[in-house]
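After the structure tokens below, expect a handful of questions from me.
In this document, chain identifiers A, B, C, D and E correspond to the written order of the chains, with residue numbering beginning at 1 in each.
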């Protein structure tokens, strides 16, 4: 039995979709952020496995993942700062707090 | 290791220098002169903007083709610089308000960094570079949006912006991973060569994800839903910045990606995708805008539909489309910033942002209403103001392909200008025709020098940019020297 | 033919990713969600190791699992009682989320599945992913050199620091 | 240099007047500046006419005289091209007269006279620019410049349901100009077979390169685009509401000049540049405009608001213009131009009088007026004259124009056209019905409202405006051949283009 | 001496009109009247000199080979439609136009003069607006002269319209009276409707013949007809259509059934105006028009039949109505209609081959004499109305004692119209009857019957005014009119007596050659007999007040009422205009315009608005729904494209 590309893509895809699901359904902002991390992580996996399986001679995919991790870290930090600020004002971090502006 | 390549990107270097100057001034200058920081920034950035005009170096492609400067990129960056300068001047008053004193240094630093990110979006010829540019352009913006700490809306807007931005960048990168799977490279030129003739499902999905990712920045329908809330929540100078500068940069970058990378699937796929998006964007943007009574929200939806018009230049996918796109961005920058200038001035003074507050403004503040009217007319595309010319050229650009489908598209867009005219006229009506409401019109006030200066620049721009034809001519030249972009066609 | 160890390893990793991902987004308690995320991240690092990108795997563990997750935990503690379980999800919302996820999976899955070479096996040729080569590529200005992104991302990080300060600062 | 061309001054003067108004301090200065501007413009118009006639008399047979072009947007080969033929000269003169009379008709504009006049002059700028330009882009630009001031002129200084009317008018006209823009760009991209695209009318016509299938698409675009402004059925509804709400001078200018842009554009752009489609599709628009003619007249019969009556009458008369243009022969087209001049003057006169009457009685409902002839004889007589001119009394311009149109249209060899002509002819009877109905109800009979007895007759500036217009109407009606000869030759190129198919 | 000075005939009234119209209010009323009259007098003198010069003057080519030539005294190009179709304003002299010059200027001058007296109120103050009155009279004279001397059909149409409008203005002279206003409106609109036919006729005619010129058209009528090349429309030749339509214009102006309804109402105008416009001159324009194009008409048998039938019927109809009217001006108005119908019939039955075209000559002759005696009758009526301040017969009676001059003049007029020799009417009417008998005995008898009715109703009128009873006039005793009014009466009486003796046929005939009138004794005697019988009947019934007329009216109540109401023609028109045109066409159209055309636009706007409202839920404010839309959008974009590609 060979480990094929597909076999690695399936968990990544599921991870991604879980992220989507989580984003849409969760109420807690941090939970939503966690879902986002799942999505970003899935993208990283994709890059890496594509690189390794299809273009083993180069390392572009790997480098992309490398930078993506850095970016994800930066994003997370910023979002958490914002969440904490929201918490300061609204005293909770329910996503439904963020519907003051609409229509 | 040829580090001299950095010298081929003087605009970025210059911008970093400006950033450092501001940073150092903010950090090390004494309290006494701290109040001059906004003016200092304006002056330095102004010098930088002017200097840019004189240091237009030759086109170059550096870092192994990762970064490219052409006359077109120089031009669009110059346009963004002008917009940035106007935003900086407009915000002097705001930045000098008591509340802002402690963080105005950061305000300018963040603004400059965002601009830096946009430079990269424009010049990047490698997807990693593009993503970094995109993130650099959007992440600090979230901080800027959340700048007004004691306004809840500000935070709500920041949160909305951030969540959507990360989600969209996840989608975008997902798309990129597919592209990578297809081509094995992230260099634009390599990808284009690799996917030539390819029209697999994966490519289409990748394309859709890429469009969605950048469409988020441009707020194309259906990727636009964050726009209104964020515009409303953000501090007005930031809203102005968000609505024009970041949109302009994204539009250019978008065009480069679609044309250079995906040029080979133009007719098969993305022409139609963009077609659908443009129709949706223009129509829905307009429909949403009709009902808005908050000026900032109103302009948000107006800018959504304007984005649709800008995209007409993209679907044209030729030199003329590119030139018209840049021209449109320039005019749009001036017009929209004029509008935001007025809104900002009034908000600074009275805190009022509803359209009904503007009733009878003409009788108390004739010049403000005049500037606002010009902005509205320009946005609506009424001659002899610049907006007319930009609309005309963007339509002409789209039609220059001779494609019958585009005629239909342009027709739809043109018919939608009627709706847009309707709501722009609503503002004019409020100011000029309506009688002041129960609380009376906004009282007469003298806006700050800086605000007036910015307004004058915008108004002059609105009046002259159209009639003075050399600007458009220059942009066409610039686009034509970048015709390597269109090689694939 | 892969070595059995690799295969077993793969299945453990895949299973961990799938199970913990699902758990992350379905668990009611936020702190548990963070913990499950940690497992997912570890598993991901496992894939990187399996792909021979040891450096990347190390970064994944250090930055993600070590850095980001700690941030999460801090945030969770800052914003509420950690053990608190949120109210149950509305089923309408669940359906919506599920439909989006499934549709996404279908589209992406179909697209990937029709891609040629999707079933290609791992080529076990040795690849040059030494720290040495990574380092030199990271600072190269030639093609496939990453000096410019490296510099650019430093500015991004700087911006995030400033932004974070601005947002989090009390005044 | 551009300044050596006399035509550019038709734009320069309004712009200068505009600038002058901007620095005015009080109403006296505003009036003075406006009057000076209008007078200079009038003089310029007459001078142009004389020069033009001299050149023609000297045997200069160019299609357009005083031509000149200056590169504007080089990448698209857009030039600022100027030039006039007899038709443009006639239209320019008309505009001069209306603007001149309009200034006097809005003598006591209140509130904000300065702003009012500024918009007024901006509108004029657009109108003049449109008539002197022969470059599609320039024309289109000026066309839109002329449209937008209407919104504020009606919205701020109008009366009645002004917000609705102003919005409707602006949106409909701008909607039409949207079609027009598409049409113009389309024409541009097919303007030349060898890739030297151009916006210049004459060059496009000379190249004659627009493929027939494209003409089928672009002709309706441009024709409808201009036709809306020419109040073509079923796109005429902006006109009644708009006119009813607009202040006097604006109605004058709008009906008198602006609606003429429609007819002028229809034939100068739509028909001239796309003769094939014009030949093939004319029948559709003939039916529509034929409906306009009769329909407008019938609708006018039951209106009770003076301005509505006149607006529907304009629909009918302007319909006649387009109708005649579509007959595609010299006589009918000459008639169309005559009708434009005539309708411009007459309607301006009408609206001026209505405005003056309304300014006194504060009602425009004819059921609430009566016997005004006894109270304000000057306005009454003026109104009767305007009415008679409108219903086509010989000696006034309307008769000449309508007869030329009928004779020309009837000369069409096709039975369909002739039957339509006869149907259009019936409008002259219906016109008589509604004109006399108003005259009878409003001016004649016993005084309806005793309060009206205290009203005064016209004052000098009003008389001046009215007399200027009456003289022009009668002049055109008594000496038509003078104008006929100015216009007649200008159709040769168009007829030639049409004949090529 | 050539005829170029004839332009003065037109220019003088024009100057008068402009002068009085523009400056009139600065003049006193009397001055204005005197100026108007004087100028008219001068114009009349010049017109006489032109006409007499034409008929009797030294040879300037008026007569060639015994045929009077058509001379164009002068012309100016007024408007060029095409190379062929040119409107020239000119002056055509031929027998009928010269004759008309005399008629018009004579009557017009007398009316001008008469009006000086008539247009005063009790205190002998001139009426308000007299300047305007004279201006309009001048305008009318100008237009009527322009009409008759028109050398081309388009000039005729132009002046045709102008007489219409001056008629309108004069009928509505008392513009404060609603009746006058509506009468003027009616007159204008009905004639305008008829003119539509005229216009279309002109268009048709000129389309085929490529000329407006009367001389070209009539000098070779066969060729002109042939230009149509036998084209037909709905079964009739287009030329027949053209000529019938042109006749329709004439019928409108000449108040032929069914377009006659405006004329009785037109009596709301001042009586001198009725005399001038609605009796003597303008209403015969239709006759003149047919006469002008006679060579063409006589080639289209169908059209001629139409003309005859309409004429004959109208003559009878109007006479019947006139028999029962109580308003003296109405009686005269219907009498006018009837008499004009005589002329029309006469033209209708005229054929070149029948008795050398006697009908044509008779028609013109009757036109001439009728102008004189009908003007006389109207002016008398004016004097009477002036005296008793009422139009109604019931307010009169026994006036012979108070107004002797008027009595005699009116009697002369009645005798003339009744066709009693040797008064003018006898000769001309006799010729008409001859012409009718020539063509068809039926028409002869028919017209003779109508002639008898004429005699009856005229004498009924006469007796009712001057005899009948003797009411009490109170202290406003009627008296004869002042000299300015009486003089015209006397002049016209004299003319009415002698005009029949003019050898008219020598001047006017269809081919402009000499034509010798000889009385057809059979017809003459029988027609006189009929007239005498009718007069006797009238004498029996109306000389003294008695109840016989009322009994008769009761006996034929239905008929009488119908006739009194003019056989409900007005009501029919009212129905058509108000119920059909206004209620069924205009109002629905206006509704359609508001609701459908405009409504659909407003509907579009509303759709946009409600669409805007409907989609606001999309902007729900929740990030999760935003993201959902975002994702679905992206996926759909991909999916749809993929599906389309496959």
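Definition applied: a contact is a pair of C-beta atoms (placed from the backbone, for glycine too) under 8 Å apart; a residue touches a chain by one contact, two chains touch by 3 or more.
The shown structure was predicted, so the numbers you read here are calculated from the model rather than taken from an experiment.
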- Message: Between subunit A and subunit D, how many steps is the shortest route if every step has to go to a touching chain?
- Response: 2
- Which chains are in contact with both subunit B and subunit C? A, E
- Taking all protein C-alpha atoms shown, work out their mean, then name the chain whose own C-alpha mean is nearest to it. D
- Can you name the chain that lies farthest from subunit B, using the mean of each chain's Cα atoms as its centre? E
- Could you pull out the chain whose C-alpha mean position is farthest off from that of subunit C? E
- Message: Suppose each chain is reduced to the average of its Cα coordinates; what separation in Å results between subunit C and subunit E?
- Response: 102
- Query: In whole angstrom, what separates the CA-based centres of subunit B and subunit E?
  - Reply: 77
- Between subunit A and subunit B, the Cα-mean centres are separated in Å by 27
- Query: CA centre of subunit A versus CA centre of subunit E: separation in Å?
  - Reply: 96
- Item | Where subunit A touches two or more other chains, by residue | 16, 19-20, 23-25, 32-33, 51, 54, 58, 60, 63, 67, 71, 74-75, 78, 82-83, 85, 98, 100-103
- Message: Residues touching two or more other chains, restricted to subunit D: which are they?
- Response: none
- Task: Quick one: which residues in subunit B touch 2 or more of the other chains?
- Result: 128, 132, 135, 139, 142-143, 146, 149, 158-160, 163, 167, 174, 178, 181, 201, 204-205, 228-229, 291
- Task: Would you mind giving me the full set of chain pairs in touch?
- Result: A-B, A-C, A-E, B-C, B-D, B-E, C-E, D-E
- Footprint of subunit E on subunit D - complex, ascending: 168, 172, 233-234, 236-237, 240, 295, 298-299, 301-303, 330-331, 371, 373-374, 388, 391-395, 399-400, 403-404, 406-408, 410-411, 418, 421-422, 425-426, 428-429, 432-433, 436-437, 440, 443-446, 480-481, 484, 488
- Message: List the residues on subunit E that touch subunit C in their complex, please.
- Response: 624, 628, 631-632, 635, 638-639, 642
- Note on the structure: The residues of subunit C that touch subunit A in their complex are 1-2, 6-7, 10, 13-14, 17-18, 21-22, 24-25, 30, 33-34, 37, 40-41, 44, 47-48, 51-53, 55-56, 59-60, 63-64, 67-68, 71-72, 74-76, 78-80, 86-87, 89, 93-94, 96-98, 100-102, 104-105, 108-109, 112-113, 117-123, 125, 127, 129, 133-134, 137-138, 144, 146, 149, 153, 156-157, 160, 163-164, 167-168
- Within their complex, state which residues of subunit A touch subunit B. 16, 19, 23, 29, 32-33, 36, 39-40, 42-43, 46-47, 50-51, 54-55, 58, 60-61, 63-64, 67-68, 71, 74-75, 78-79, 82-83, 85-86, 89-90, 97-98, 100-103
- Residue set of subunit A touching subunit C in the complex reads 1-28, 30-31, 33-35, 37-38, 41, 44-45, 48-49, 51-54, 56-60, 62-63, 65-67, 69-78, 80-85, 87, 92-93
